[in-house]
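First comes the structure, then the notes that go with it.
Chain nomenclature is as follows: A, B and C, assigned in order of appearance, with residue numbering initiated at 1 for each chain independently.
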Amino acid sequence: MTDITAEQVEHLASLARIALTPDEITHFAAELTDIMHAVEQVNEVAGDDVPPTSHPIPLANVSRADEVANVLDREEALKGAPEHDGSRFVVTAILGEEQ
Amino acid sequence: MAKAELMDYEQALELFEPVIGLEVHVELSTTTKMFSAAPNEFGDDPNTNITPTCLGLPGSLPVVNETAVRYSISLGLALGCSIAESSRFARKNYFYPDLAKNYQISQYDEPIAFEGSVEVELSDGRTYQVPIERAHMEEDAGKLTHVGGATGRIQGAEYSLVDYNRAGVPLVEIVTRPIFADRDAPELAKAYVATIRDMVIALGVSHARMDRGNLRCDANVSLRPRGTEKLGTRTETKNVNSLRSIERAVRYEIQRQAAILAKGGSITQETRHWHEDTGATSPGRPKSDADDYRYFPEPDLLPVEPSRELIEELRAALPEPPAARRRRLKADWGFTDLEFQDVVNAGLLSEIVETVAAGATPAAARKWWTGEIARLANQSDREPSELVSPAHVAELQGLVDAGTLTDRLARQVLEGVIAGEGSPQQVVDARGLAVVSDDGALIAAIDAALAQQPDVLEKIRDGKVQAAGAVIGAVMKAMGGQADAARVRELVLERATA
Amino acid sequence: MSDLTRKTAAELSALLSAGEVSAREVTDAHLDRIAAAEPSVHAFLHVNAEGARAAADDIDRKRAAGEELGALAGVPVAYKDLLVTTDMPTTAASRILEGWMSPYDATPVAKTRAAGMIPLGKTNMDEFAMGSTTERSAYQVTSNPWALDRIPGGSSGGSAAAVAAFETPIALGSDTGGSIRQPAHCTGIVGVKPTYGGVSRYGAIAMASSLDQIGPFGRTVLDAALLHDVIAGHDRNDSTSLTDAWPSFAEAAQNRDLRGVKVGVIAELNTDGVQDGVRAQFRAALDVLAAAGAEIVEVSLPKLEYAIAAYYLLMPAEVSSNLAKFDSVRFGLRVNPQGGGTVEDVMSATREAGFGPEVKRRIILGTYALSAGYYDAYYGSAQKVRTLVQRDFAAAFAQVDVLVSPTAPTTAYKLGEKLGDPVAMYLGDVATIPANLAGIPGMSLPVGLAAEDGMPVGLQILAPAREDARLYRVGGALEALLHETWGGALIAQAPELTGGAR
């Protein structure tokens, strides 16, 4: 049985970029622990002999021809943005380095 | 930024053995992007080559570009790799503003190509087999421009602008296994990237312009004390965007790490950034547990399962391997060992191939690329291939062969082409640089010269043909160099025998 | 002609093509009904009155000009608010997308437009389709037209309530773990989750990509089939969309023959845990099937007990990645933290303010399930359970033509009843989740009212992948027999809406 700690929730929230409040962190730690206890039973039947399924309907090699389509007008593309300069999206200063 | 302490290179190599690993990103030259039908074009207005998928708009979905898959398989085969019977895409999850969906579609545990090897030749003709771990398909990120602050770099910027034109451009990432090349490491790193570059050009799968980021290299470097087995902690140097800087960056990291280790320090496992201007690397983000990319199979895409037939079709269409190609080209072109090695070392093989394909003789192509163009590139600290296209070099030589230009004029035209004035013919027209081929003008100049030197005709008639030289020189001077000396000579001799 | 809203889509289609009513009249009637019903039902997030009238006038002009029109031309439709639309805002019932206008149409929307259908508006839902009650919308709570103090089910509760309240004859929803079938059950209408890939997901805001499917609601099996016929088919913009040539579902819905059909009752879903009134109506429906010549057998799918657990690992994992794009850079809300901050701070503040608690809970849960060190135990194992569930279905369908169960263990419960207990709410999806894991099609159709609370009960029919037509053949025939018993559709027994109070 795995319990999820407040520290873990805090770390997960930072990975997921959600500025949770301290109350939310405490609350989620308890709830997620309950949920994880309920779902851990998947391990009971997931033997090494069972292959994983990613797609409900098995298909392969779905691709498209290398032809231009669906191009957006720049104005349309920018109009939904919180901030833009007429040609590019504007974001506040970036702390981290490029990955 | 404090300047890092460096150990003398030779001393570093006495104490430590360098081990390198290289990751090369190749942008494929498809018509559209990897997972979206937006145009894959460099240099267009920001945010014009985009679809809902490039922007990660709500509800948008990726669809694999069939040509990108073919190119990737071809590249995998050229790298001597096995092609996976079943290959899958995965999501690499991390937040960054240039990544529209905040995950990158890449490949994780099931790459399209794996376990290959590439023969790489050093300047002295020795060769290495560089082991390839894998080559996988993924998508490029958008482009950030940092505004405000003094440097235009990320530090100190007030805000940043995002252009998603590059977001989703198809990439193949080629990852080597650790390469044990000892003191050859820096040179081998450069030669390896040059080999990949020649390979993708020959395959026709990438424009391979390093200055445009079509080909990018990350260099992993670690040191271990001589005589020990265990690999040292490595750094990953990014942003190494020319052949020259790859060699320099690896050398720099060897010297920097050696200085730290020799003092009993330890190497931080981190990403470092190469700075072309200072010739140094600076630390980036430390690698830590926070790098939890939460890979999982991309549910919006299906496995790629290339058929035997497709693989064999692509294998049959492969250009010959670089080493075999070099042997063949050397024979075809009739270059001496020394001439050929010069070309290879300068990384100009493909340029000469393309120049010859565009109509020039091998000798003329070699003369231009290893001569004047290499000299100008060296002066401006750039790669010869960035200065001028093979087609223009061939056109230039064509103008010389047709008698439109003398060698001297051709060099002036080359400068014009490099300065962006257009094609050689356009430069000739715009600058009025062509050889004067109007006999009337030449004859007038010859008459004027003969009037100054009346004894010349007599001497020629007496069989002293070399006396014509004085007149030819005077005519060439009078024409400002824009005359064909051979034609002037013909005309002078005609006068003497008339 | 206010009774136009009581007509089915099939009836409206006949009236329209006979020229007995205009599309404008049909549209106005439904807009009037919306105006009257919305104060008590709250099914719509956006009503497209002007756009709908313009579209109707356009269809009337085309019909007058003798243009060839589709069967549903002039028939109104409503869209769950996770289908992106160029002429109406799309929010997925989340603050993070408040007021956002998409520059492109979702494929199912585009197909209804091409069929000449009239877009009435966007319907309420649980935020990003996460919930089973429609109470988790950031904007409003939708009521069940049968009893305004009860849930309409979810997450497509707005679409289901709108159809049940006669605000629209048909509507589109999405079903990730039962979000079409369960609200259909709750509101006494028909809802269908097609085979995974049967309908394009392009333009449907993703919750869990490998489970999501768009499907129709109608008050009759035939109406659901008519809408299904419009939206089905391959879309090159969705890699997972199937290239199958689908048969006419409308034709299948008109089957009246149940003789020799082998119907498997899923033992694991017909237990004491199911509410008495639900079990009673389920048994009664089985009797009707048997009396009509169907063969009823019990089948066991032993791995279904692991389905919910697998679902609550796979779904949040995909959610955590799919919802990463809501970051304040290219669209939607931006919240600047006090005193400014870096783009990371802005993203984190925006997502904290823009997402509701259930969305955050699932994102954190999914982030955990995918984390290094946990992947194999959680996500990997859940994918294996998915294989086991598929094998169970394959074995069952080797014995029977269709499988049946109650759509949900209880009728629509009271608003607020289970909001505080996520695990209890999750357990309500026990009957519907397995079909999403296996990718197979499922239908819920009303079979009666539970004696103890007078609320509708749905029967779930499941068929093998790609055999959606079987749902309509069995559902259509069963519905006809039930309508005979009831003297009309069950929905006719719903009480008149009273006032705006809830």
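Note that contacts are C-beta pairs under 8 Å (C-beta built on N, C-alpha and C of every residue); 3 or more make two chains touch, one makes a residue touch a chain.
Being a predicted model, the structure only gives us computed values, none of them experimental.
Asker: Identify the chain whose mean C-alpha position lies nearest to the mean of all protein C-alpha atoms shown.
Answerer: If one averages C-alpha positions chain by chain, the most central is A.
Asker: Count the C-beta pairs in contact for A-B and for B-C, then report the pair with the higher count.
Answerer: Answer by contact count: A-B.
Asker: Can you check how far apart chain A and chain C are, centre to centre, with Cα atoms defining each centre and the answer in Å?
Answerer: Each chain reduced to its C-alpha mean, chain A and chain C end up 24 Å apart.
Asker: In whole angstrom, what separates the CA-based centres of chain A and chain B?
Answerer: The computed centroid separation for chain A versus chain B comes out at 37 Å.
Asker: Measure off the straight-line distance from the CA centroid of chain B to the CA centroid of chain C, and report it in whole Å.
Answerer: 54
Asker: Which residues of chain A are in contact with two or more other chains?
Answerer: In chain A, the residues touching two or more other chains are 15, 17, 54-55, 59, 62, 64, 70, 72, 77, 89, 91-94, 96.
Asker: Could you list the positions in chain B whose residues touch two or more of the other chains?
Answerer: 52, 55, 63-64, 95, 97, 160, 162, 164, 292, 294, 299, 301-302
Asker: Got the chain C residues that touch at least 2 other chains?
Answerer: Residues 100, 102-104, 210, 236-237, 239-240, 320, 324, 327, 329-331, 343-344, 347, 367, 371.
Asker: Considering the complex alone, what residue numbers of chain C touch chain B?
Answerer: Residues 82-84, 90, 92, 97, 100, 102-104, 106, 201-206, 208-210, 236-240, 317-318, 320-321, 324-327, 329-331, 343-344, 347, 367, 370-372, 375, 379 of chain C touch chain B in their complex.
Asker: Would you tell me which residues of chain B are touching chain C in their complex?
Answerer: It comes out as residues 52, 55-64, 91, 93, 95, 97, 100-103, 160, 162, 164, 292, 294-296, 299-302.
Asker: Considering the complex alone, what residue numbers of chain A touch chain B?
Answerer: 15, 17, 54-55, 59-72, 74, 77-78, 85, 87-94, 96-99
Asker: For the complex, which residues does chain A have touching chain C?
Answerer: 4, 8-9, 12-21, 24, 28, 31-32, 34-36, 38-47, 50-57, 59, 62, 64, 70, 72-73, 76-77, 79-83, 89, 91-96
Asker: Could you please specify the touching residues of chain B with respect to chain A in the complex?
Answerer: Against chain A, chain B makes touches at 30-32, 36-39, 45-53, 55, 63-69, 86, 88, 94-98, 141, 144-146, 148, 154, 157-164, 238, 271, 273, 284-285, 290, 292, 294, 297, 299, 301-306.
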